[in-house]
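Note that the chains take the letters A, B and C in the order they are written out, and that residue 1 is the start of every chain.
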Amino acid sequence: MNAVIQILSGLTIGCIYGLVALGFSMIFRAMGLVNFAQGDIMMLGGFLGYTALSIAPELPFVFILVIAMIATGLFGFVIERVAYRPALKRNADQIYLVLLTLGIGIVLANAARLFWGANPVVYKIPLTFDIVHVGGYPLPRVYFYIVGFMTLTIIALNLLFTKTWTGLALRAVSQDPTTSRLMGIDPGRSSSVAFVIASMLGAAAGVLYAPLFYVSFDMGAVGLKAFAAAIIGSLGSVFGAVVGGLIVGLAETIGGQIIGTEFQDSIAFAVMIAVLLLRPQGLFAQNRRVA
Amino acid sequence: MSSSTATSAAVPTGSTSLSLQRSRRTDWLVFLVVMATFALVPPLLGGFALYIATIVAIFAIAALGLQIMVGLAGQLSLGHAAFLGVGAYTSVLLQKLYGVPFLAAVAIATLASALVGLLMGQLVRLSGIYFKIATFGFGIIVYQLLSNWSSVTGGHTGLIGIPPIRILGTVFRDRLSMFIIAMIYLAVTYALLLRLTHGRAGRAFRALGQNEAAAQSIGIPAASYKMAVIAIGCGAAGLAGTLLPHVYNFLNPEEFTWLQSLVLLIIITVGGLGSLPGAIVGAVVLVVVPEYLRAFQEYKMLAYGVLLIVSMIFMPRGIAGIVQGLVTRIRGRHAPAETPS
Amino acid sequence: MLRNLSRLGALALSLALAGQASAQTLKIGIVGPLSGPSAVYGTETLEGARFALEAAQASGALGSYKIELIPDDSAGNPGRAAQATARMIASDDVLMVIGGSTSAETQAMIEVTRPAEVFQFSPLAQATNLTQQGNKWFARLSQTADAFAGNAAIWAIERHKAKSVYMLVRNDNYGQSLAEAFGREIEAKGIKVAGRVAYEPAAKDFKPILSTMGQANPDFVAILGLYTDTGLIVKQMGELGIKVPTYANTSPAIPQFIEIAGPASDGAYGALYYFAGSIDTAAGKKFVADWNAKFKRDPSQYEGMGYDTMLVLVEAVKKASAAGKVTRESIRDAFFKIADLPVASGNVSILPNGDVKRPLPFVQLKDGKLKLDFLLDK
């Protein structure tokens, strides 16, 4: 009972990390930008879902998920246009860009605090407390939503990257921005697309996270651990982000039991540093430049 | 990356052209003005101004180190508050547990912070993005160690009963002497770092910050300079940290969180990336201004974030850049022949 | 030399300020978290204090004096709290300071108020050692962690016949000092501590800890933490099907606890600083009635503590002015003379070491409503 429950809860949290990590990876791939606001995008998604629920309490959870994703996606589109693209255009230094994303993260978190309050909010829907028994193990029903969504996301992203022109363009830009521009690919469009997808994935992570725990303005910190996940699995790799998320989730639950739960927050980064020592570009590095 | 101290980057190695000499003279002039203002204004205001100026000085010292590391050499550290913590705890524990004299404890603690910085640098011999995220993780790990290693650090409870500063048998406890000690710390750090940026190391750091690969290709041993600048940045933070517990009279891990690391970054950004006086001005702005906006405390972090974004978009060279622009314009009116370097 | 000079300066400054200030206005600083994750403690305490102050000013209870509250935000950060306090003492020349809310920030403030010889009164801070430093300039309205959790342990054993207790402890100053007292009393009574686990304040997923706890099969669970973590723990206990009587510290009175824990919160026990309706005295009833008249709801425990802090302060001002002039020293002496003062949370006495004697209500959550389980009043 003990071990199975621990592994399952670790893997579920790992899926959440994985979703946020995917967002980091998408943006890094398309723009070479490390977006420190991604965790706060997740928070925003969680709160927008909450607002959607308070307006329409009867709406099924899946609709809430979609609404929050669309709203946050739009928001991501605006941020990319207003804040990042101008900075990228004037070829700003990496440091400026990182600081800019940090600034946007602080503003998002604190604006959310003023708007939704400092106290955590809970989705008041049955799903928050629903339990399903599978093989004698009591599991929250939302686990299945999380795993299901993760699977769909992986399939959809694979299709996107292999079967659509947009996806091919995204890959081309990430591998060689100069040549792809010569080939007629608009890098601006690629970065918009990447940002919107990343924001939608972040929002999904926030909405799926809410029934497990709660939504609060300071939960961007969860997103920062997803950073470690993205790096463990090599930045830019879709598969790597997902596996990295699962590794961090498992390491936190199991490692917490071994070295003491009070060090849980350190584990993600300790694993990351250890992995980087062994493989300087993460577990699933392809041959590519690293900014 | 182009403010009063950074402009000389364009000048080739070894050259001591007229404009370089002039820019050095300007740097020292600015040093004198900043330090004189700092030394005179708080004592005239007295009372609380002395106390808050001491805290400003502490943040300014840490920010100066971070400025060299981030603004000059381009090694972004997202966990810098951790090194303040290493300095503070090392110094206090040495004094408290082993009775090490204050000055010796400060020296050891500064060295220890630099060494921990080096350890971090070695552990994550990484470039670019990996280094940034590793420094963030390192900050979290240090914070958790300080919070949970209760038998030594007092854990989340922190430490009280900080021994007073004692130098050569004299005890310094009151606000004025704390302020004077902090001023000496600041003046020494500022002067040393200024000298450093004028020398060969400074040029190497700047080259590193502009383009690591290019720096390597023109024969700068990038790896060793990188380690050196990390040690300097972390050592300065450690030095600043040694004063903090004596001002507050307690030590608590909450002073060394991710939030404080962010505040340090905002300080150097608002002041002007790459500018040493900018780091000090930034510390003044971020420590003093919130004190006088007491009614709006709730909006403080929001304002910090907006400030960061605005300075990134509208004044990428910070306050220092604006001041320099003004000075150049005024000078230009008087001496139009002079060409900016 | 330096010291004397600055003393002289400070003296001159305070004389100048004293001359300026109106003789009738007493400035009182109040420091607590008004923003950040622990904002509820600071904002609600302040609200309660303001409510009491309005009533006192209107009723003329303060005589010829007027109280001006100067609030500042600590954001829960000790350094910030110390800075705010230093400013109030040096620049605002306050008579005394109320605060802080968390124990860490209260300790930080003590390091400022004690050397400045300004009296500090904390409405909420519980760490036991705060009143064990031989400090004549500090007192508090809250029971110590020792008294609070120690009594909770005795209550669990005597009233709920606990035989095997599992402790889940928030790994910070607050949780650990509660746990120390709780564990000590449990062991002193010869009851088994089935397990004791510290968890990180930011922890969200307690399943691994709880499934281990399930195997130890305790008959009583004590969670010593804040509502954000106690709420998730109780929720996840429900998910794992662990049904054991649970003591959730002060959380059951906090609406967010019930929201977070959901149906599993039903039946949870807690001990409160103050519980509206538990005090049958005239002062106790008057507060609940007045509050309801203005806010159309019962006051929370922190609002109650803020209210009582102000009532105690008003009484101290009366005592000090009756004895002569109201100064930093005389107000302190007056606080230590408070004995059996009827306030909203029962009858309050300030003990010589700065601790308090007053009732401690134990409650249980039943069908979304709190009911009094036991009122410890001795």
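Following the convention adopted for this analysis, a residue touches a chain if its C-beta (ideal position, glycine included) is under 8 Å from a C-beta of that chain, and two chains touch if they have at least 3 such contacts.
None of the values given here were measured: they were computed from a predicted structure.
Colleague: If each chain is a dot and touching chains are joined, what shape do you get: line, ring, star, complete or other?
Modeller: If you draw each chain as a dot and join those that touch, every dot ends up joined to every other.
Colleague: Look at all chain centres (mean of CA atoms) and spot the one farthest from the centre of chain A.
Modeller: Farthest by centroid: C.
Colleague: Taking each chain's centre as the mean of its CA atoms, how far is chain A from chain B in angstrom?
Modeller: 33
Colleague: I'd like to verify one number: the distance from the centre of chain B to the centre of chain C, where each centre is the average of its C-alpha atoms, in whole angstrom.
Modeller: 38
Colleague: Between chain A and chain C, what is the gap in Å from one C-alpha centre to the other?
Modeller: Once rounded, the distance between the two centres reads 39 Å.
Colleague: Pull out every residue in chain C that's touching 2 or more other chains.
Modeller: Counting only residues that touch two or more other chains, chain C contributes 35, 171.
Colleague: Please list all residues of chain A that touch 2 or more other chains.
Modeller: 221, 260, 262-263, 265
Colleague: Please output the residue numbers of chain B that touch at least 2 other chains, ranges allowed.
Modeller: Within chain B, the residues that touch at least two other chains are 147-148, 298, 301.
Colleague: Would you pull the chain A residues touching chain C in the complex into a rising list?
Modeller: 1-2, 5-6, 9-10, 13, 113, 118-122, 124, 128-129, 131, 138, 140, 212-214, 216, 218, 221-222, 252-254, 256-257, 260-265
Colleague: Looking at the complex, which residues from chain A come into contact with chain B?
Modeller: 28, 34, 83, 86-87, 92-96, 98-100, 102-107, 109-111, 114, 221, 224, 227-228, 231, 235, 260, 262-263, 265-266, 268-270, 272-273, 276-277, 280-281, 290-291
Colleague: Show which residues of chain C lie in contact with chain A when the two form their complex.
Modeller: So the residues of chain C touching chain A come out as 35-37, 39-40, 171, 197-200, 202-205, 207-209, 211-212, 214-215, 228, 231-232, 235, 238-241, 256, 259-260, 262-264.
Colleague: Okay, in this complex, where on chain B does chain C touch?
Modeller: 46-48, 50-52, 55, 147-148, 155-158, 160, 172-177, 180, 244, 248-250, 252, 254-255, 291, 294, 297-298, 300-301
Colleague: Going by the contact rule set out above, which residues of chain B touch chain A in the complex?
Modeller: Interface residues on chain B, with respect to chain A: 1, 70, 74, 76, 123-130, 132-134, 136-138, 140-141, 144-145, 147-148, 258, 262, 265, 269, 273, 298-299, 301-302, 304-309, 312-313, 316.
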